[in-house]
Structures are given as C-alpha cells and as structure tokens.
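Below is one structure, written out as structure tokens, with a few remarks after it.
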Amino acid sequence: MRQESSPASVQPPLSQLPAGLCAAADYARLAPQFIAAPLLAHIDGGSGRDRTATANLAAFERWQILPRLLRDLRHGHTRRTLAGTALRHPLMLAAVAQLGAVHPQAERAVAQAAEATQTPMVLSTLSSLSLEDVAAAGGATRWFQLYLQPQRAATLQLVRRAEQAGYQALVLTLDTPVQTPSHRALRAGYRAPQALPPNLQPMAGLPAAPTAPAPALGADDSRIFQGAMQAAPRPEDLDWLLGQTRLPLWIKGVLHPDDARLLAGHGVAGLVVSNHGGRSLDGAPASLDCLPAVRAAVGPALPLLLDGGIRSGDDAFKALALGADAVMLGRLQAHALAVAGALGVAHMLKLLREELELTMALAGCATLADIGPHCLVAAPGQAHSSPVV
Amino acid sequence: MRQESSPASVQPPLSQLPAGLCAAADYARLAPQFIAAPLLAHIDGGSGRDRTATANLAAFERWQILPRLLRDLRHGHTRRTLAGTALRHPLMLAAVAQLGAVHPQAERAVAQAAEATQTPMVLSTLSSLSLEDVAAAGGATRWFQLYLQPQRAATLQLVRRAEQAGYQALVLTLDTPVQTPSHRALRAGYRAPQALPPNLQPMAGLPAAPTAPAPALGADDSRIFQGAMQAAPRPEDLDWLLGQTRLPLWIKGVLHPDDARLLAGHGVAGLVVSNHGGRSLDGAPASLDCLPAVRAAVGPALPLLLDGGIRSGDDAFKALALGADAVMLGRLQAHALAVAGALGVAHMLKLLREELELTMALAGCATLADIGPHCLVAAPGQAHSSPVV
Amino acid sequence: MRQESSPASVQPPLSQLPAGLCAAADYARLAPQFIAAPLLAHIDGGSGRDRTATANLAAFERWQILPRLLRDLRHGHTRRTLAGTALRHPLMLAAVAQLGAVHPQAERAVAQAAEATQTPMVLSTLSSLSLEDVAAAGGATRWFQLYLQPQRAATLQLVRRAEQAGYQALVLTLDTPVQTPSHRALRAGYRAPQALPPNLQPMAGLPAAPTAPAPALGADDSRIFQGAMQAAPRPEDLDWLLGQTRLPLWIKGVLHPDDARLLAGHGVAGLVVSNHGGRSLDGAPASLDCLPAVRAAVGPALPLLLDGGIRSGDDAFKALALGADAVMLGRLQAHALAVAGALGVAHMLKLLREELELTMALAGCATLADIGPHCLVAAPGQAHSSPVV
Amino acid sequence: MRQESSPASVQPPLSQLPAGLCAAADYARLAPQFIAAPLLAHIDGGSGRDRTATANLAAFERWQILPRLLRDLRHGHTRRTLAGTALRHPLMLAAVAQLGAVHPQAERAVAQAAEATQTPMVLSTLSSLSLEDVAAAGGATRWFQLYLQPQRAATLQLVRRAEQAGYQALVLTLDTPVQTPSHRALRAGYRAPQALPPNLQPMAGLPAAPTAPAPALGADDSRIFQGAMQAAPRPEDLDWLLGQTRLPLWIKGVLHPDDARLLAGHGVAGLVVSNHGGRSLDGAPASLDCLPAVRAAVGPALPLLLDGGIRSGDDAFKALALGADAVMLGRLQAHALAVAGALGVAHMLKLLREELELTMALAGCATLADIGPHCLVAAPGQAHSSPVV
C-alpha cells in the first residue's frame, strides 16, 4: 500500500456503489481514499516485516486452474451444508476487530450485508459494538469469535451473552497468545486509541470485568514466558470451554497437521486454517500452503475453513480445491465497509460469488463437490511446501 | 504495454513496410503508434489480471534450444502436410475478432497477406466483414472459426455460408462459454462500440437472426450457471454439428489431456491447444505448458495446433518441438495489420518464417520432422508444469 | 545500504536509547546516521561483489517457522549450557575488529553491555583496546579471538596475555588466510587508516613484535601461493596451539563437513560455522546453508555456533533449529555500538532475546531443546543447498 | 550496458593503467568511456534479445564455491600442460574480430600482452591486421581461428599462411553457419563499416580471393537453407581439413554432448565449449551449463576449453571445476584493449590470474588438478540444466 494520505484527505464512506470496479479486489484499491494512512497500515499490515501477510497472497499465485470443456453446468450452484448449516455460497465474513474505526455503522453494517447476501458472519470479541447490538441488526448465520479472557468468569460471561443473543457457534482463536507488532503500522504512525473516532467505544464487546493484573516478574523472568504466556490458552482451557456450552466450537489459527489432529480429537466442530492474516508469527507459512496437510491430517469429514489472502473468486476456488469447505474474508471486508458501508460489503460478496461461479463454470465444476485438487496444476517454476510431519 | 496515447496521436496505417524492424515481434513494439491506447489494451490484455496472457509468453522462456554442428541442411524446408493440406510453413493466422477496428481493409487485408505468403487463415465468426467478402479477397487455405449460436438454426446458417464460400474447415471454439472482462482494457477506458470506426459494422459475419432472449432468472439463480451457461456448448451440440457438415472440424481451446482424449474420440479433425490468448479463465496455465500432456494423451497422429504466445520463430520452434504440428498467430497479426495492412501481415509472416528457418538451421533440423523434444533443454532454475492426470 | 552521508553529517553516538525502534534490526537502519559512509561500506560490505554477504541474509528467508497451539510455556526460558558455561540466552557477541572506529568507548562499551545482559563476548585480536583493558571493563564470559601470527612467539604471547587476563576460551579464526578486498568499501572510498579517529590506536590488541618480512618472490612465484599463503595456518599449527594452552579452543570459519569432521578429531571445544560475514571468499555459500551438513558431520554432541546474517530473533531461532547451539552477532553489534554505545548494544541484545522468546512462544517451544528441524518448513519456491559430500 | 555516449565523448585509449580498479571485470565497467555506444552495443550484445549472452553470465551465479581450511598451499601454482603446451595459467585470449575498431594497435597489442603474460592467444580470421603482422608482434603461444571459406582454395591459403607464420594450432569455428543479428546493436545504430576508424582495413586477415557469388534462389527456396546453408561446414569439410594440415585442430562452438562425441571420434585436438558468446542462436543454453555433459561425453582425456561469460577468477575456477582445462577471454579482452591497449590486456590477465589464485587458496586447491566438482555446491533456489541425451 504505497499511498500516503493525511486523515484530512480521506473521504467519508459512500452511500452508493463506487464506479469503475473490475473485481471484488478493487475494494482494496479504493481503500486508501477512505481510510487514513496510519489506520490502513494497521489494517493491511501483518506482524513484523509482513512476510507471512505477503506469503498469504503469494501462495495463491503458485497454483493455476485447469479449464474444462463441454460440461453441462445449467444446474450449477454454490450451495453447501457446513456443519449442518445451509450456506448459499462458501464465503464467510471473518471476525475483524474494531470495525467502527472505518465506518460509523461498524459491525451493524456488516450484519446487514451478511443478511442481504445470506453470508455467515463471525463477530469479533473486539467489536466496536456490543454483540447484542450486532445481533439485533440481522445476519441469518451469526457466529461469535472468542478470545479466552484472563479470568474464566469473564470468558463464561461472553459465552452466555453470545448464546442468549442467538449466535449459533463459537470460534475460538488460539493463534495469538502474544501480541506481535506490525513494523508497517508503527512506521506509519498508527496508535490504537487515536485512530478511533471519538464516538466509538473500542472493544465494546468486552465485558466490564477488569483485566487481570500483569503477573509480577522476577529478575530472571521473561516478559514473554513468565509474562504474557501465563494467560495463554492451554489444553485444559479448551476442555473446560467445551464443557460449558452446547454451541459448536470452531478453532481458529491451525497450521500444523499435528495440532489439527489433536484438536479433531477434542471434538471441535471444525477448524479454521489461519495465521491470523499474517498478524501473529511473522515468518509462518501461508495459510493456503498449510491447508493440504491439515486436510490430510483430519480426513475428509471435519469441516475446514481457510482464512488468509482471499481476494478473488479464483482464490476461493483454489482454497476449496485444496481442502477448504469455505473461506473467510477479513481485510476485504474492512475495505468494502470503509468504502461503502453495508452496501459495499454486500457488493464485494456478490462480486466474489460471481467470480467464484465464473471460475467454476470455466473449470467445469457444477457444484462445490466437483472442485478438488484435480482442478489445479502447480504454476511453473514453483515448488510447494507443506508442513508434512 | 506502458504507452498511453490519445486516439488523436495515432497514425494511419502505413502503405509501405516500416523501417528499423529487427524481428517479427517488432510489430508489437510499433503497434502503440497505430492503435489507440484503449483499443490496444483490449487487444493485448488478457482477462482479469492478465495472469494467463503473461504466462503464455513466459512459458517459452523456460526452454532453451540446443545448437548442433556440421549438419547438411542444403535441402532444408518448412513444408508440412496438415490434415491433408500442404502447408508452405507451419504458421497460421488465427481467428481475431473485429479486425476492422485496427485497419479499414480488415479481414480482407489478412486474406491478401495469407494468399501472398501461402499461409492458412482462420476467419472469426466475429469478423468485421462478411465471410463471403473475405472469401472473395483470396487466401488459398481458408478455415472458418465458429461460435455455436444460441439457436441451432443460426449456427447452421453460418456453417452453410462457410461451406458455400469455400472455407475448407471449421474451427469450433469451446473455451469461452462465459465472457470474462479484462481489467487492463476496462481501466484503459475501452468500450467495445466506441472503439470501432463508424464505417465498420461490428460482427458483420454474424447472421441477422436475433440473439436469444436472456433466460429469466429466479431469485436464487446464478447469472453464470442459470444465465450464460444455459447456452454453453455441450457434448450433444458437438455431435449434432459433426452430423451437419462434411467439413473437417477442429476444436479450439483444449488444455486438459482428458478433454483432448474425449474430443479425439468424437472424430474431430484436430485440436488447437489454446487458452484463448489468456482471454478466458485468468489463472489458467500457459498453452505451451499444456501441450506436452495433450500430445501424450492423443498420440502422435492427431493434428495439434498451438495458439498463444508465439512472437518469434524460436517460439514456433519450441511449440513444434513439444508436440504442435503448426502454430497460430493472433495478436501479432493484429499488430502487423494495424501497422501496415496486408503488407504488414505478409512481412510479419515472412520474418517469422525466416526466424524459424534460422532456428532450424542452427539446431540442425532440415525439416519439421527433425524437430522434437530432444532439441530442447529446460532453462536452468525452472520447473515445468503440465496437467498430468 | 543506499544512504550516502559525508562524515560531517554523521551524529555522535547517543547517550540514550534511540526512539522509534521496532526491532533489533532497526539498529542497522539507524547506523548510516552515525557511521560515515566509507566506514559503513567497510563494515557492511562483504568481499568482492558481496555475494556471500548477501547470501548470508537470504538464507534465512528460505525457511518458515511453524506455529503451534495450546502449549504450556509458563516455565519457558532461553538458558543453555554451552561447553560447560551457563548462558542466559544463546546469543553471543562476535569478534569485530577495531570497534574504536565507531565509538570512542570501543570494546569497553561492548564488554559493559555483555556484562549487563549476561552475554558472552569474543574479543578480536584486532581490537582497538588492549585485551587487558577490555577485561577490566567487565563481561562475565569473555573469549579471545585469535589470528595466528607470522611468528609462533607472537601468537604465544597473545595466548598468555589472554589467559592471564581471564579469557575463558580461544576462538581461532581459520577462514581468512588471504585478505580479500570489498568492492563496495573500495568504491565508497574507504581507506583503513583515515577512517579511524586520531585518538585511537588501531589494533591495540596486537603485540609490539614486528610483523614478519614479506617473503621474497621469484619471477614465476605467485603473490598468493608463495606470498600470503606461506604464513597461512596448517594442521601442525593447530596441533601446536592445542599443546600450548589449557583454554578450550574453538575454530571459526568452518563450512565444509569434512573440515568439521577433521577438526572435531583434533579435540577442539567447538566450531563456529561462518564465512567471516561474507568477507573472505566471495561466492562461498551462506553460513546457514552449511549448518545442517556440518551438524550431521560432527554429530549431536560437539558445540556449534552460527555466525553470519543474524538480524532478528527468528533468524536465531532458525539457526538453532538447523543445528546451532548459539549464534553470534557481528555487524548488528557494530551498528548498535555506533548508535548508542554500551546502552545500544545491551538494548539490541535485549530486543533480540525477546524476539527469540516471542518466536519460541508462538512456535510452542518452552526451551532451546524443543527447537529443531521439525519447527521449520522450506519456504515455497526455494530449493536448499548443502555441501553434502 | 546502460550508458549512452556519443562518439565525440569517447576517450582515446590510456597509455597507463586506469586508477581505481577493484577487479578484472572493472575493465567492462570502464569500457563505455572508451568505446562509442553503437560499437559497444555490437561488442557486448548477443544475437537477438541477448538471452544466451545473458545466460552465459547468469550460469556462473548458480554455483557457489566451498572454502576449505588448513591446507598447505605454499607450493601452489596455476600451471597446466594443455595438449602438449605448457601454460603458465589456464587463461587464453579468445579470437575476437576486428579489434582495430577499439584500439589502433589492434591485435598487435593483444599479441604483446599475450607475450608479456605468457598467455596463449587465438587470432581471428576476421582480424584487423594480417596474421603475419600479428605473428611478428610476439606471443609465445599463438593459435589461428579459422572460418571455412566458401572456396576450399581460400581456406587452404589461410591455413598455409598460418602454418608459415608459426601459429601452433587451428581453431575451427563451427557454430555460426548463418549470421544472426543483435537487436541491441541494431537499435544502438551500429553499422559495421562506419564504426571502424578510416585507417583500418576490416578483415585484413582474409585472403584477397573474391567471395563466392550468392547462390540463385528459386521462388520456393529459402534464403537460409538454399542460401546461407549451402556453404555451411559439413562433416566432409572437417575430414578434408584434417587431411590438409599437421597443425592440431580444435573445434569451437560445441554444446551438445553428441556433437562432442562425434568430433572426438574425428581426431580433433580438443573442443571449445562455446555458444559464440551468445552471438549465434539466441536462446541456446549457457556455455557453462553445457560443460558437464560435454565433459562426461568425451571422457577425462580430451582437452576442453570453456568460452563465454568469464569475467573473474572465480568464474574461471567454476569452469575448471566443471570440466574445462582452460578458459577463453573474449569481451573482457576487447574492453581492456580499448581502455589501455597492450598494457590493459596484460593487466586484466594479471588481475584474473590473481583472482583465480585467491579462489584456489581459499578453496584449498594447490594446483588446477585439485579443482573439481567437489569444490562447488549449487546455489540455493537454483535448478541446473544440462543437455543430457
């Protein structure tokens, strides 16, 4: 993202669709006109030197799609049943923190777009609006993304509120036990509080309970191990949570096939193959590169979502071909929201779905079940890596 | 194509050969002086982000040609018999739509160049001039490129006109059941109607029959599957067409070896390995990368043409070495036509043939039959992909 | 290093920490403000065309790190016992020549930082201050880097001084029997003597003994073979040295597994896999690329250090995963020293340790023993080389 | 070569060594100050798009050299006996056409440098000075490069003159039966005659005999096959030549192992692995890439020279390691001659020899016989190609 624009030069969100779009990904191209540069650096940046965030995108370019001829696709569709839920298409709106920073309607607008396009939406624990407010705004399929809170009571309070507000599943994020800074955001001058409009309460989704005091560190202690990692999720926390709720529990942040196997054994509803959009360990492999081994590890039955790097319908096609049941949209959601609110998000989803349909049509796939590894070929000059154990 | 030139700055076509050409590919370098930027973006652009159009070119650079010494090539030539037709050289003029947009003589000029250089020419269904007018202009070997029309009667009318006008073969294009936009052309401001000079009727080759009404879509229907794909070619259409004409039927747009095998079983005359110049599925493999597996799938006898990315005689040599019987020229044809009309197209073909002969001479190949995979070596640092099943 | 700054524009070292650092590697980004361009070209440049210096950095980017979930890391630490010495972390300060050129406190400041951060330090034979002065400045774990002198008596004098000053090990550098110029430094106008501030005696660590006279060369003699290589270390020199001291003897500059095996057989304390920071043979492989084969050659027991290209905690993690017991910091030490003296070096080490801890935490490694090749995956599109014999 | 300089701005050759050289390759960096841009484009350009000329250089960067420790190299040297001739070093001056274009002393200066540095020199058939004049200028080891002339009598006249002038071997160039233009040179405005100073007779080495008339071409004939290739060397020409002279006959331009095997069977003295500096078939593999397979094809005994891309002593080392007995210098010879005449060529050779010695010293090789494939490792991220049959 090269453009530098002072906050003064940023436009307010449109109330109509932007002109001149070629593709869903063009919302990312428009975003610098609507999001101040420091905030955009925070949204687009990965952790550290953006290596994993960059890898997430590059991974898709290492595959090509094989066109097929003469297929009868008149009854084609993109419907899928995911863990018992009928989906109109395999596109989902990922949990994105503090969307109020880019649009005054925040997650409410996302919920409206989700409802209009029959797209499942995952609300972030760190939402700008309370989970109850977002639930009231609509969204046929609403899931709640959960960070384990330092105290179990606080976690439980969030779970109960999500249950009562009608969220149909929990998505537990496990891949960021420690915060990792983004050099891009830091250099762009991003500072979390100032970037939020004054009328928005950051993290309004969080319970009022005070955060746990930082543990006291000895002289030889590490701020990482004896500090942040004291509150990091451990297997017993997962088991505890599974015992507290009847909501299906998804796990987000899985990359290693052994972790996938372990989690599948715990009885989770499904996994989200994700590296937190490149915002956790800088230098981790691309989500897409990890997908085949995770699918191989858990077998064909366990639902898998792919998160990270989806910018087009052919990206979605490749993820489905390599083992995902559906894909999640994070940054593109924020971009479209900033550009044109609920309308933008709905339009982005519509474009993406049509791009997926177009790719399916040309690849000769009438349904999602027809999409598989046989539809892809490795791009020349590329080796593929996958964490095989 | 970086140059931006307003239509006002574009020259009229030359009536003599341009000066300072080093190679046939230089017609592409001159084209921006003769074709307005939006139209050139349309001609040169592939679909989407030009990934496949770019891959078509890059594929040739992944092969190197092995020189040989002391060969007696005094009786060398580039003649070949292709499906019963004697060719002076393995170069063909591909079907290109609406050539009237770049030269007032349109396909007539191409036919004159084809006759002058003894080059087979394929006329597009979407020609600027009627197929009868083009037939009257000459061309020893003329084939007709066919898109199946929404109504079979309209298709049949085209076939009959082609038969009566003396076209010797049909080339059925199957690779674009749905239109895919070019981002490059859209961003350059290309709009189909305005780009055509007012004295030219676009698609004059098409019958007067009205196009089929767009199918009515239900609320849950897809514009792709329940819309465009309703009229897409299906196997029964191919069988129907084969029963309607005695003209040899070639199929254009084959990339997957299974499709090649299937089509060979239907009794077609030959196949054109092509991705529509990167104008259909953006992200499909390069034509050249698919050629070896298609040749392996159909065996040595079925004629194969390679379309996509040929810019020089050594490109043609590589395609022949990897299994093609001849190659097709699309964009370079349009460039040469825009620069210098029939003279330009003929000159481009002459340069290309001499480049091929030069390559053959240095590679020690007296005839096309001497060209094979043993003449090539993979360029270092490159892996090769091929859709092996 | 693009920045060109005249000596006049260079700042004096800070006496406080610089603002706006994102990572330890930022000391390299700040260095041009504190080191005159010719001297910086000498510090940062490798020999010849910088191929090996560049390769040292690139090697780390060919590996990715696999995150793991739900690990209990509350008791994590970075402690390790290396050849009997307890280390707080696997980071060491490499021998760097003439540090007085970048900071008036020279190696004294490094020793203070080493003591403050419990980091082992290796003092260069070519230090700006005498080894006794540096010993007096502190440093819990101090080793002495040794170049064999032309006369054994001079070498022995250095060894005895190091022993008496309490250095706990010797690090014999074997990889630069001949000096190789840096084109970058030469083109930047670097000339050794002028670059040093007048108040500093270069090579104050060297004994007063006169250097050996250059051997007289015959007409057919080579300045390399019959000149410089006359004084180059040979196996008998190593055996002699081992017989002269009870200090553990490390060998620096090993890349080939056969050399590693040979040296292990001589009874050395450990090896430093290094190409002298790319300052010896330009075109030699990256240190990291050689590490796995060296580890395989010597087995799991012999201590190995990795020197060359470490700029971050995840670089250190990768080196440990591929077989190193600890890593050495050279250029980054000089950069941090130039920016902020002892404070800068200590801060750089603290940042680096926390980056390593962060990487360990996200990769699920509680201790250094948990780090291994299973934590890494080859970055896509990369082949790995290793001098297997 | 980016620099554009009008002929007016070009300096006359120096009569002293240039200042500020870091390496032999710096003569190439200085050349634009001494050679007018069009002529330099001709000298530096390969044929076509410079693909092979570029590949010749890139091939060396795909190998790395393994340093070795503790070797006794005090008796090291670079001497070698090549086909009975004792060489001081494995560097040879390749045949370069019309050196009078870059220096008034032309090949005479080269002969003086050859004598001063004990370097074998190959005089081009297309020299600016007669072979007798060059012989009179010195050069301990002088070979004559031969193009077969259209008439055998003319060829024989050249051979006899070479014999009588004391040339000790013939080097028959077989790789350019047809001329191929350089796009770079054409675009730079290079035209052969104008580029030569008026006081120089181009091709003064050629006999006065008139060139053969161009063969008359029929309407269907090819200018390549029925034109230029009529006079191209054939096996019987080689046998004829071998029967006409007792001089050892080397063959230049071999890339394919089958051609190497064939030629070895004809009793030639040795082979030069070369693609004519990338000036023949554009798109042929790099010379270095072909060397291992040629060496494997002819076995260890037949002398092999490597021509193409040598710019440094470590390049020479890599060629020797991969099977060459010596290497040839073409473009660097022209550059050094243009910069500083005989002095420049001699200096360039001295620098190159010392770079080779330095590389040998650091790689632990006392003699050329110690250099082999075990000294190299493939650079990471690189695949290697070789025309295996």
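Each chain gets a letter, A, B, C and D, in the order it is written, and its residues are counted from 1.
Simple rule for what comes next: a contact is a pair of C-beta atoms (placed from the backbone, for glycine too) under 8 Å apart; a residue touches a chain by one contact, two chains touch by 3 or more.
Predicted model only: the values in this text are computed from it and were never measured.
Peer 1: Stepping chain to touching chain, what's the minimum from chain A to chain D?
Peer 2: 2
Peer 1: Going by C-alpha centroids, which chain is farthest from chain B? Tell me that one.
Peer 2: C
Peer 1: Taking all residue numbers at the chain B to chain D contact, is the shared part over half or under half, that is, same or different?
Peer 2: different
Peer 1: From the C-alpha centre of chain B to that of chain C, how far is it in Å?
Peer 2: Between these chains, centre-to-centre, one finds 59 Å.
Peer 1: What whole-Å value do you get for the distance between chain A and chain C if each is reduced to the mean of its CA atoms?
Peer 2: 42
Peer 1: Do you know which chain D residues sit against two or more other chains?
Peer 2: 381-383
Peer 1: Looking at which chains touch which, would you call it a line, ring, star, complete or other?
Peer 2: ring
Peer 1: Check the chains against each other and report every pair that touches.
Peer 2: Every pair of chains meeting the touch criterion: A-B, A-C, B-D, C-D.
Peer 1: Which positions of chain B touch chain A when the two form their complex?
Peer 2: 48, 51-52, 55, 58-59, 62, 174-175, 177-178, 180-181, 183, 186-187, 220, 222-226, 228-230, 232-235, 237-238, 251, 253-256, 258-259, 262-263, 275, 280-286, 289, 381-387, 389
Peer 1: Which stretch or stretches of chain D touch chain C in the complex?
Peer 2: 20, 22-23, 61, 64-78, 88, 312, 314, 354, 357-363, 366, 374, 377-383
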